[in-house]
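Before we start, here is the structure in question, set down as structure tokens.
Note that the chains take the letters A, B and C in the order they are written out, and that residue 1 is the start of every chain.
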Amino acid sequence: MKKLRFLYQTWYTFDIPIYDHSYTLKIFPRENERQYIESLVETMSYGSSHSYSFDAFGNKTVYGYMGEPHDQFGFEISGIAVVDGEKKERDSRLLSLFRSPSSMTQPAQVLREALKAACDNCLEKSCYKKSFDKLTTVEKVMYLSDCCHESLAYTPEVTNIFTSAAEALTLGRGVCQDYAHILLAFLRLLHIPARYVVGFMSGEGYTHAWVEAWCDGCWQGVDPTNAKLIDEGYIKLSHGRDYNDTVVCKGHFYGQAKQSQKIRVQVEELPG
Amino acid sequence: MGIISVEKVNNLFWLGRYTQRVYTTLQRYNTGFDEMLDLDVHFFEKYCEALNIPNIYTDYENFIKSYGYNTDNPDSIISNLYRAYDNALVLRDYISSEALAYIHLAQFQLNAAKLSDAPLIELQSVTDNLLAFWGAVDDSIDDAMVRNLIKLGKKTELLDLKLRFRAENEELKRVFGQLDFYLHRVDISYDRVAYYEMALALEKREVDEKTMLESLENLILV
Amino acid sequence: MLELNKHVNTVNALLARYGVKFGIYKNHTFKEQLFPFDTIPRVITHDEFAYLEKGLSQRVTALNRFLADIYGEKRILKDGVIPEEFVYSSSGYLAACEGIMPPKGVYSHISGIDLVQGKDSAWYVLEDNLRIPSGASYPLIARDLCRKASPSTFKRNHISDNRDYAALLKETMDSVNTGGINVILTPGRYNAAFFEHSYLAEKTGAVLATGNDLAVMGDYLYYKGYGGNNQKVGALYRRVSDEYLDPMTFEETSLIGVPHVFDVYKKGNVALLNAPGNGVADDKGIYYFVPKMVEYYLGEEAVLHNAPTYLPFYEEDRAYVMEHFDNLVIKDVAEAGGYGVVFGSSLEGEEKQRLKDLVNEQPRRFIAQEVIDFLDLEVLDRDGVVERKADLRAFVLTGADQVHVWKSGLTRFSRIEGCSIVNSSQGGGFKDTWVLSR
């Protein structure tokens, strides 16, 4: 078990004021079998009216409306999370949905071919020295995560939030979001329920994305970007079918403003 | 109904203005049509100058056609009737289908006048339908705010046109009095400085049309 | 000959007087067109309507149960009655609706069921429309005007009055209203059905609003009155499609929706008519399964039949489709508006092969139906009475406590001989639908 202190700040500035601004934020760490939130402080430029809600996947949101012109908008979340790596989430709701392709993980030909090659090469390539169909579900997930890791060269700013799994794989480069989408596409082609996760990882200055796969009655987290199973250094914020379900900050406003964004993420381990 | 949104307030006010604009300019147009038959072929030049609209007309026949019925001419009567229609159409639930129908009919008649050898006959129907529209508005709308917003628009437009056509001070004062009446029966904000400037100028009989028109344009903030 | 037919010009002039039009975009410019009306009504006998009424209310009840199940327990998938890929690959399925129970449990408040009658005089359901089906206002106002134009026709024949539609609609809104006013949300006057939006607002006493007139503040939806005089909305009959309804949940660039309306709907603080996510039940692929839904949820045999349909998704059906391609009509489930419909016999050589290949490659994307021999209806043409293809959109209103089949409907006909595409956007006209009261 680990105790992690986390801090997450995002600050937007607009060069000219915006107005009629509606926003939805998904920034609250989830509470589940493996993750307990001991304390939480939220500081926000909410505006005149705001409220809380949950989306279809159980992610908590805060939403609101700022009618008056403003040129800044931001939030800060900090607190302490207790993560127990021995425990697993067992929520079996929506498994059939997580087994189906989503908009960013459509099973294009390039994905089918890459998956087939990975399965065919399993015996010689994998550390298990077995053919793919002999692997347990967890082993399949880990092996495919490794394949996915090798299929991309980590390169920021060559892909964007609209890049699909197939596009990233074709490009051969990308960031955590792209690794996660490709692994999701693989697992769903094999009818293994899998979901996209957004959260923090200790030592990383940004939000991170990884995958959870349904393995023998519980969710197993795996990080294809770093080719490892997730450990007690990961704090989960939200999950969904793909990136689109987990967008941290959604906004809708009027005004021809250019926006700039500052993000800060800190995660540090506390003693005992 | 009780509650009107900002956009609907705007639509009601402009519905009043455009129907009045069509009605009043149509009276002038009828007079002009008659005069230009054989009395004064230059009528339209003075008319454009008074209204302060560009004189784009090559001769009186061109004026009759283009100012009357050309939908591409933003100053034409038909363009203003279509603007009235645009505002009326989104107000069906406030003004009723019965009242809205008279705007449709006015449109059909104006289009019929375009093809007629004796357009004043069809144009009389346009006038009739506008009067019927106002009657229907008065009769069928329970909500005083809705009625008064349309009337405020009408009186604003009427004062505007009277100023342009250089009406006597007494007549201007009378129309301003009507405007004033409706202005204080609708719960909307208006420019008080502009209001007092207009009232004062009329009282002192020192109306400068240009200044007055500016104040009038600034008066209602919807 | 019907006395009413002598007055066809009078009726059409009255329709113009009241602005009974639909909007259409041609070459990127907006035009309003009159919807041509034919005075020869479709007549449904009392007994025939009793049969349709039973079948329609059964069908819509099952569809509502299906929607509650899909966004809830998903029993029908677990029991293998419908393959899950048909649900999750449907563009009408909205994951955001998972776990939401709409006010009073009603998903499809206003359902438009498209039927045709075959030459064997049997009725077939062609399509269910559970998103925001339009069209009821046309026969509603046409009836009123026909009665004016030819009173004797209505004195002599025994025709159920259909002018209760607005009252039924108001009742439906009231029955699910969570506290507040009724509002009809329109995309604006440049929408094809704006006449209907404004007419129904007038007749039901609901407020007609665009997205700009509404705002979510905290946990409720408000109509923004002038000078900060806001009023809570309890039922929103939104004539804006799901994808544009709420930019914060669906299409982010939408300017015709209301940000966060979905959040307050989810909290049970406003009723949305119809509920978002209904598209999963009126998907052309799901259509095949509707009679099975009736059996599954209601334990009854479906009264109304589908047109004989094949799903290339099933191997056996695919083989049949390939073999009988020329006798079938192939429908692309991804498209609407009558464009994605191809008669197998209308294609030749390479073109036909291309479609066959596409069906083989993406079997889930298509359905194939036997071509029904329509019973043609008489239409008054310039040259006299001619026969034209027609369908019937029946309207079923579902409120908190009852399912009501409107004793009328929109009969649309093609103005082109032999053509079976009746959409108004393709130049079709409409008729009144008389249900005889005895």
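Heads up, the rule we're going with is that a residue touches a chain if its C-beta (ideal position, glycine included) is under 8 Å from a C-beta of that chain, and two chains touch if they have at least 3 such contacts.
Please read all numbers here as calculations on a predicted model, not as lab measurements.
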| item | value |
| --- | --- |
| Most widely separated chain from subunit A, with each centre as the mean of CA atoms | B |
| Central chain of the complex, centres being mean CA coordinates | C |
| Centre distance in Å when subunit A and subunit B are each reduced to the mean of their C-alpha atoms | 60 |
| Euclidean distance of C-alpha centroids - subunit A vs subunit C, Å | 39 |
| Shared interface positions of subunit A, touching two or more other chains | none |
| Residues of subunit A defined as touching subunit C within the complex | 22-24, 48-51, 53, 55-57, 61, 63, 65, 94, 96-97, 99-101, 240-241, 245, 250, 252 |
| List of subunit C residues in touch with subunit A within their complex | 74, 77, 84-85, 88-89, 95-100, 215-219, 247-249, 252, 259-260, 263, 266-267 |
| Sites on subunit C touched by subunit B in the complex | 16-19, 188-189, 194, 198-199, 201-202, 206-210, 212-213, 223-227, 229-231 |
| Residue ranges of subunit B in contact with subunit C within the complex | 1-9, 86, 89-90, 92-93, 96-97, 100-101, 104-105, 108, 187-189 |
